[in-house]
Amino acid sequence: MKLATKLRIVVLVGAVTVVELLCRIGWISAFTMIPPSQMLVGLWGLLTAGRLHTDIYRTLTAVCIALGSAIVVGAAVGAIVHALPRLRRTVDPLLAAYYSVPVFVFYPMFIVMFGLNDTPKVMIGFLYAVAAMIINTLNGLDRVAPVLLKTAKIFGMNRVSTMFRVVLPSAAPYLFTGVKLAIAYSFIGVIGSEFILSSGGLGYQIGFAYHDFNNRTMYAIILFILSLVLVVNMSLHAWEKVLMARRGLH
Amino acid sequence: MTARGTTRFLRSRTLDFLIFIACFLGLWQLAHSWGGDVAMTTPFGTLDYTLRLLGAAEFWPHAIATGNAFIVALILACTAGILIGAALGFHRLSGEVAEPILVGIYSIPKVTLYPIILLFFGIGISAEIAFGALHGVIPIILFTMNAVRNIKPVFVKTGRVMNLDAWAMLRTVLLPATLPEVFTGLRVGFALTLIGTLLSEMFGSRRGIGFMLMNAIGLHNMDVIMSLTFMLVAFAGTVNAFLLFIDHRLHRRA
Amino acid sequence: MSDAHVVLKGVTRFFVRGGGQEPLHALGPIDVELRAGEFFGVVGPSGCGKSTLLDVIAGLTRASDGQVVINGAAVAGAVPEGVGVVFQDDASFPWLTVWDNIAFGLRRKRVDSADVRKRVSNALTLMGLTEFANAYPAQLSGGMRQRVCIARTLVLQPRLILLDEPFGALDQQTRLLMGDELLNLWRQTGATVLLITHALDEAAMLSDRVGVMSARPGRFLEIVETGWPRNRDSTIVSSPDFGAITSRLWTLLRAESLKAMQHQTRAG
């Protein structure tokens, strides 16, 4: 294991230990934060009692719908825009500016339009994730080296064949980056929306527990979401590095 | 207009952009005729209401409250971000240790941390500033760290061959070399700090544009909602376009 | 020796490696004397420590053992006055125009602006860059960027000029022309020049003497005298002596290059 990894583990474990101690001796009051160990115990209790199941299901369903649509629509739009240079020239500056706009401001608009059900949060998740997918699809298609396309022609491959045997595999690492970002953004969009205003879901439950002064439940759910999202994101990140390294990219 | 001039205009980006805007406005208008006033306001109606809002007395206290929180958060994020990022960039090991942690924080739904911030700071402008700054500081740290790491060794060698003292090296070589990438970080940090500030107001606040937005949901006040949304998008979009312009000029030289 | 400009005695360089490995013996021992005003070429197989040799002479890094003396003063850890270096990598500052790049060193030394203007104009003319004075390096080709770096070094009028494969990224024809320019500058300034190159013909054509280095750890196998007149240019490639010198260099180098190739690991 590299030195940096060892140090990082020490830093993280150290930080958690310090927080645990500060909570236990009362320097951090129980009204502000409970000890990490109690967060774990609380989470275990909630999960085994089945109290979180409905909300987990609700949040994950919303994330999956947002994610699935973002990937499909994003890849399709990316491919179309890539094929039409004039459209691309118009759309490029908008894509560059996309993430400067606070996407969450559209949430109230969607709530008034569609009601306080799951549709608005799925739409926010979708809006967040789709741009990352479009941008990375464009990037991946851009980076197919012209010399590879020339090679395909020399081998007498038709357009469909070239697309599936040369373009797609060539662009695959970048498409993977797009999917990785889409996953992270879908979570951010859905859970953020649930948190601000919703009728259910994990984000909503955090807000509810906060207003209810229920630190035990609140921290348990926060811990759950953070663990879930971190495990998913970090695994994808590690996988992406392997894919990129194999290609000699960074 | 000459024949050549006409052809050039028909192929130009300005025309493309105008067509795009026209299509967008057209779709907007169509959506309105399909959904009615309850679903959304028309483009013209939105513009009209926006102008009225800007003249209304109740609007400005909220706008100023948001503005204050945002500016303080931005200053904090930029200062802390650049200092920490530079330190992590120069000290390789610390940078290596910290980077995955920072990337991890970058990727989580930071709203989940907001209740913790509220518990520590209490409800009020400090929590909003802290939350906004938290959003903005991470990309600034990451970009600055990378910028420092990527300083070409040959630049430092050149400075040493010319016997530059530490201050001259910093001022004439290190700072200009890192500027393009640091600026990109600041640009991203700007957008994210804005999101963070608005988000904090949308959850638990009694003033601010975020609060105005959430308040209008209960009253089913589509005029206000679409107006504020339009204003925020226009603000963020315009500032970002300007920052992007500077960004491109800096990178073109690099 | 009274006309010795640079003297190296027993110069060695070790690099410390982590993970409990033995230090890497990268260079030396090197013993050589550069005469004032001579053009000294250095050739050697990859990884033999040529760039390390340049770093040590310039004072960019300390020798692990031995001594470097320039004009009678020992070099230790700092770059002495009057030393100019042109690096292998493009060192032109992308945020400055060509003019500002060349003026950089002069301004740091607080040379007054009328003097700066005169010297930079001369350098631009000398390097054929006058019409690009207001361009940025990003708008220039690799060869022109190297010319900017050379101009930036020359304008400070160094007595010792060290060049580390300055024409490495250029095509053969451009290299020959740049070689002619370099000879011109050398004659005009009267400086002592040390040129590191992997191109044997370039070393043979440009140098008064060529030091041939062994594979790592690099030491001088032999120092070949070319005997060229001072007024030479690239047309000497047609002289029969040129073939003999180049062939001598290759005879010395061939076995060393094979050794170096066997040492190479996968790139990156």
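Order of writing sets the labels: A, B and C. Residues in every chain begin at 1.
Just so we're on the same page, contacts are C-beta pairs under 8 Å (C-beta built on N, C-alpha and C of every residue); 3 or more make two chains touch, one makes a residue touch a chain.
Quick caveat: nothing in here was measured; it's all calculated off a predicted structure.
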item	value
Any chain that touches chain C and chain B	none
Which two chains share the largest set of C-beta contact pairs	A-B
Per Cα centroids, the chain farthest from chain A	C
Rounded Å distance between chain B and chain C, as computed from the means of their C-alpha atoms	47
Chain A and chain C, separation of their C-alpha mean positions in angstrom	52
Centre distance in Å when chain A and chain B are each reduced to the mean of their C-alpha atoms	19
List of chain B residues in touch with chain C within their complex	152-155, 157-158, 160-164, 168, 172-173, 176-177, 179, 252-254
Chain A partner contacts - residues on chain B that touch it in the complex	13, 16-17, 19-20, 35, 39-40, 93, 96-98, 100-101, 103-104, 107-116, 118-120, 187-188, 190-191, 194-195, 198-199, 202-203, 213-214, 216-217, 220, 222, 225-226, 228-229, 232-233, 236-237, 239-241, 244
Residues of chain A defined as touching chain B within the complex	3-4, 7-8, 11-12, 31-33, 86, 89-91, 93, 96-97, 99-109, 111-113, 184, 187-188, 191-192, 195-197, 203, 206-207, 210, 215, 218, 222, 225-226, 229-230, 233-234, 237
Chain B-touching residues of chain C, taken from the complex the two chains share	58, 60, 78-79, 81, 83-85, 87, 89-91, 93-96, 104-105, 108, 136, 138, 156
